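Each of the two complexes below includes chain A, the first together with chain B, the second together with chain C.
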Partner chain A sequence: MVPTYFNEMYHDGSARPPYRHLENWTADMPAELRSLKQAEAEALFRRIGITFAVYGEGGDPDRLIPFDMFPRVFTNAEWTKMERGIKQRARALNAFLVDIYGRGEIVRSGRIPARLVYQNEAYEKAVAGFVPPRGVYSHIVGIDIVRTGPEDFFVLEDNCRTPSGVSYMLENREIMMRMFPALFRENRIQPVDRYPELLRRTLASVAPAKCNSEPTVVILTPGHFNSAYYEHSFLADLMGVELVEGQDLFVEGEFVWMRTTEGPKKVDVIYRRIDDAYIDPLCFRPDSMLGVPGLMDVYRSGGVSICSAPGAGVADDKAIYTFVPEMIRFYLGETPILQNVPTWQCGKSDDLKYVLDHLGELVVKEVHGSGGYGMLVGPKSSKDQIASFAERVRADPGNYIAQPTLALSTVPTFVNEGIAPRHVDLRPYCLVGERVELVPGGLTRVALTEGSLVVNSSQGGGVKDTWVLAE
Partner chain B sequence: MLSRTADNLYWITRYMERAETMARLLDVGSRMSLLPSTGEGYLSEWDSLLQASGTAEGFDKKYGEPVQRNIESYFFFDRDNPSSIASCIGSARENARIVRGALTTQVWDALNGAFQEMRALERKPRSEVDLSYITDWTMRHSALLRGAIDGTQLRKDGWDFLNLGYYLERADNTARLLDVKYYVLLPGVEFVGSGRDNYQWTTLLRAMSAHRAFHWAYGGEVTARKIADFMILNGASPRSLRSSVEGMTDHLDRLARGYGRSSAAQSKARSLLAEVAELTVADIFDEGLHEFLTRFIREVAALGALVHEVYLSGDQR
Partner chain C sequence: MILSVLHTTTYRYETPVRGVVQSHRLTPSVFDGQKTLRWKVEVEGGLAGGAFRDGAGDWIQSHSVHGPVSEITVRVSGDVETFDLAGVLRGHRESVPPEAYLRESAFTRADAALVELGRAAVDGVRDALDAAHRMSAAVAEAIAYQPGATQSQTSAAEAMSQGQGVCQDHAHALISAARSQGLPARYVSGYLLATEGEGPHEAAHAWAEIWIKGLGWIGFDPANSCCPDDRFIRLGSGYDAQDAAPIRGIARGPGSESLDVTVAIQAVQQ
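Let's turn to the complex of A and B:
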């Protein structure tokens, strides 16, 4: 079976309206200019210092994520629908989190099995009964969306903890504007550069009860060896807030303080880019050097806000994912605007049987996995790979889910031979605080290898600038 | 400002100043090695340099015989040597990467540019990289960074910490270079005042990029006393101990004013400056040059410890 893929630029033999200007752009660009521009882009990225270290691979620590200059374009109408769907989902996910750390109505009503919630690894007993400011657990929701047809958008997964990549959304745009200003005159492209300001406002809007002045916001990073360190320092810089490590903070009295050259300064909101387990060695992993001892006590007594709130991870679990449309109906009384990908839970015996019988057609993922690791793409795998993966699934079925191999849409991409379609996905970043906001754009990831459906940067994926056209 | 940020800024410039000193030492070595050898059982010039830089032991373990080519590798390229130019530039750039947001684009470019060029140099065959090129290269990048800091950084506390790093490291390095000349390079008292002695003093001046300035300021014969005056007491000499201590005092004063509180580091710097300002060459030679320098290096280290305690550790309440 040769699946047909939706090409976002060329459909039914001609360029779709949002891509029309790009047809001339590429036609007018000689190959030498293209390689010149590509080199210029790389030099710019290197100069900015935006690099990406891949976990456990060794090699060049200053590796760049490949940037493809061919933009991905959405019409205003396409975006408006997606935006409504994303905001709806972000609201429902937060309502779910408040509920499960409170009365658990959705579980009591039998809509979600108690086991999936309360025995979930990401469920933090330490925050049961606590309602964070404005009832927000996940302040930055990254929702991965794939497209399979002109009107068909599916949510692949939700990221409620600390989705990364937003610095690429911003830098890709900067670099495109710098290299191809003419494109921005011909196309009416909505700007994305308000993101840092909106993020700061979102974070300040969830200041804790005990904060009675302009809140001090900081970003908490695991440190400069982390692969996303560039992004942490980039966001801190654009928001004008301090980038702190655990060692820079300490707890005294009812508050959290940072060590400055002028003595201690109170911290009100912590946008943390470290996992729950490392936040507070007194509460979670005692061996962690990254966190701040006593932080959780201050948090629970309203002395500091932590974004995303500890415990938010339950909502983006791949087993919980299946129930998000149910959450939207249950909490919001609305019909889901974005669809879920049909998902088989290997923990259920009927589903497991189906999955094992159809491994060659399915994508199988670990429930808690991320970054494209520990997954099987059936149609792209050898018999041996499928057989050995089947063993792993049988050994621990509850740890796996399966989805059909989606016919991910393609966007033209610069490759060695010229321009060719490559598969893409999209991660927009929804901000939830006093308001629910979204800048018109996101991070488009592209699988650079011909035929590949894996877009993760750790697996050789690249990125593109993402345009949303004005009306 | 976060204490850790101040700490990173301070180490950027300390490392870069140290890289420059290593380049100066290499330069001294290459000039001295052009001098015809005299006497028996005389230490090779290169060995003296190892002693000077405080890295003799590490070198001996790795390379053994101090021949020029190995010394070049060890001083410039060797990442196992924490004081090598490559190590210093790598550390300075890493410190800068951590506090990228506290630096201007020009400062980051100067550091990152040096780092990227250095990686290109590392890939070149050694035979194509000659000594005078790498010493010039290092001094040029050091100057670029200093210029970028001076021309673009906001005159806030971050600028003071950057400058404190420079002056503190420079005070220490100048004292060590002088001490080396007197204590290590000179094989015995019988050489004092000999042609070789004078040649070595001149070479030292060259290494400090100061031999012309020296002649303008003093003229005539190069003597140990004049040199000591120039490198220790002369406030017009940019690398003198007095200038370095003055620099530290200025920036500690600025910090105290900006933060609205005086500090122990500030008092310490002021008393050190008062001492250097009142000292004469006769006092120094009465105490003994080596003894004076040893004491001075200790004082500077104590000042460094105070800066750390007051501003960089974050323990201040």
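Let's turn to the complex of A and C:
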């Protein structure tokens, strides 16, 4: 059976309305001009130095992630529905985190097994009983969405810790505007450049109890060797805040201070791009050189805010993911707007049996894995690959989940032979503080290899500018 | 009984350091087994930081010292009235659920010997409390009290294979064995009144707590083959010794540090 994929541009024989202007655009573009433009785009990316791997995927940090000039387009109506669904999900995930570090009602009521929550590696005993400012644990929620039809959107996973890639969203747009200004006159494309300001406002809105003036916000980076360092400095620059490393901060008395040329300056909100285990050697890994000793005590006593809050990772675990629709009903009393992908938990014996019997059709992932590593795409794998993966699943079933192979939508993409459909996903970035908001857009990742469903940059994925049209 | 505590820890730095930050879990727990009459934690030249009660019910207080400084002393003193509750942690308020203490840590990861010790204790016993007592006795038997045989970084499995250790190793081994049998268990740090002719004692002491359904957290001290009574003062808990440490600190600066600890626990004559 040949699966049919939803082509977001060409459906039922003609271009869908949001893509109509692009039909002429490509028709008018000779091949030489296209390759010239592509080279120009690459040069621009190299010049600004944006070469990091998205989503902490590792790999060569100096490798450029391919940028595809063909934009991905949503109508305002499509976006509005997605936006509502994303905000709903971000609210529910935060309500869940406040609950599990508080009374744990969702566990007590039997809706989520205690084991999945309290024995989760991301559960942090150190924040139990603590409610962060405004009850927000995850301030930037990256929600990965795939589309399989005109009206069918599914959430693939949630990212509640420190989702990366937003600098690509901003840079892709910047470069498209520079190279094709006419496109932005012909199409009414909603801007995304408010993101840094919204992020700054979100962070400032969760200043701690003891902050009684305009809050000082900083970005805490592990340093220039980190694959996402570019993004850290890019965001600090656009927000107009300091980019610091652990050694630039210190705890004295009830607060965290930043060394400056004018002497110590109190820091109120830390947007940290360092994992929980490394942020404070007095609370977590004692050998960490990246963090700030004593930070957690200041945090717990209301002297500083940490974004995202330590312990937020429980909510984006792939085993917890299954329960997000339940969270939406439980905490918000609403019907989930965005669907989950049906998921089998290999830790359950019935599910395990089904998965092992159907490995050839399914996508199997590690519960804590990311970046497209340690996963099996059944329909794209050989018998041997399937057999050896089956062994791994049998050895540690609880570590795996499985999902049907989704018919990811395609968007026209520039390839050597011209223009051809390639599979895409989407990561919008939802900001949660005093308000829950997001800019119209996100990062579209595209699987550049023909037929590939894996969009991760480590597996040959690229990125596209993502447009949301005004009404 | 009223116990009087004097506990001083002096850190000396080879070369003066730019600053020191410490996180203290040095205040007696609040529960029916102990009542704090007087308590003081002083850090010479230190600035008290934020203080709070954490989810496990421990009082956490940080202190920072602005450098250059080449020596600091943490002085803990006070009186606590204690009651013998046969190890039961009654009236202790906390929000971390017991299930969280099923998680392994590097120090308490069970090897085959520890799993076997746990399994043997549970075998044929219907009551979890009995099983816990048997586990505690088995740990005392498996690891002989021998100061100097292990270090602060020794794991439960290492102490088991060595067959020697101190209270920290006993506690780690018991936690490890209990968790391997699905019983939530945690490390407790505190003080112990030394009494004559009753075997080994360490004034700065550590033991384990095991969660027994229906009873709650129960303390077990394999080193002294007992459950904590009115000779014990409880300070705080954690997954393991590192997580439950009464003092965790870091000095900013190069060079090595040396440590001098004295603990004196006395029963106050009434």
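Rule of thumb we're sticking to: the second predicted complex is superposed on the first by the 462 of 471 C-alpha atoms of A that agree within 3 Å, B and C clash if a C-alpha of one lies under 4 Å from a C-alpha of the other, contacts with A are read in each partner's own complex, and residues count from 1 in each chain.
Rule of thumb we're sticking to: contacts are C-beta pairs under 8 Å (C-beta built on N, C-alpha and C of every residue); 3 or more make two chains touch, one makes a residue touch a chain.
All of these numbers come straight from a predicted model, not from anything done at the bench.
Look at A:A77: by the touch rule set out above, it reaches neither chain B nor chain C. In the superposed model, A:E242 lies in contact with chain B only, and not with chain C. Put simply, more of the residues of chain A are touched by C, taking chain B and chain C as the two choices.
In the superposed pair of complexes, A:Y118 makes contact with chain C only, with no contact to chain B.
By the touch criterion stated above, A:G129 is placed in contact with chain C alone, chain B being left untouched. Of the two partner chains placed around the shared chain by superposition, chain C is the only one that A:G294 touches, whereas chain B remains out of contact.
By the touch criterion defined above, A:R47 reaches chain B but does not reach chain C.
By the touch criterion stated above, A:A39 is placed in contact with neither chain B nor chain C.
Those residues of chain A lying in contact with chain B across their complex are 46-47, 49, 224, 229, 233-234, 236-237, 242-245, 247-248, 258-264.
Residues of chain C that touch chain A in their complex: 19, 21-23, 47-56, 60-62, 64, 66, 94-97, 99-100, 102-103, 239, 242, 248-250, 252.
Of all the residues in chain B, the ones that touch chain A in their complex are 1-6, 94, 97-101, 108-109, 112, 116, 157, 161, 255, 259, 311-317. On chain A, the positions that touch chain C within their shared complex are 101-104, 107, 114-115, 117-119, 121, 123, 125-130, 250-254, 281-283, 286, 293-294, 296-298, 300-303.
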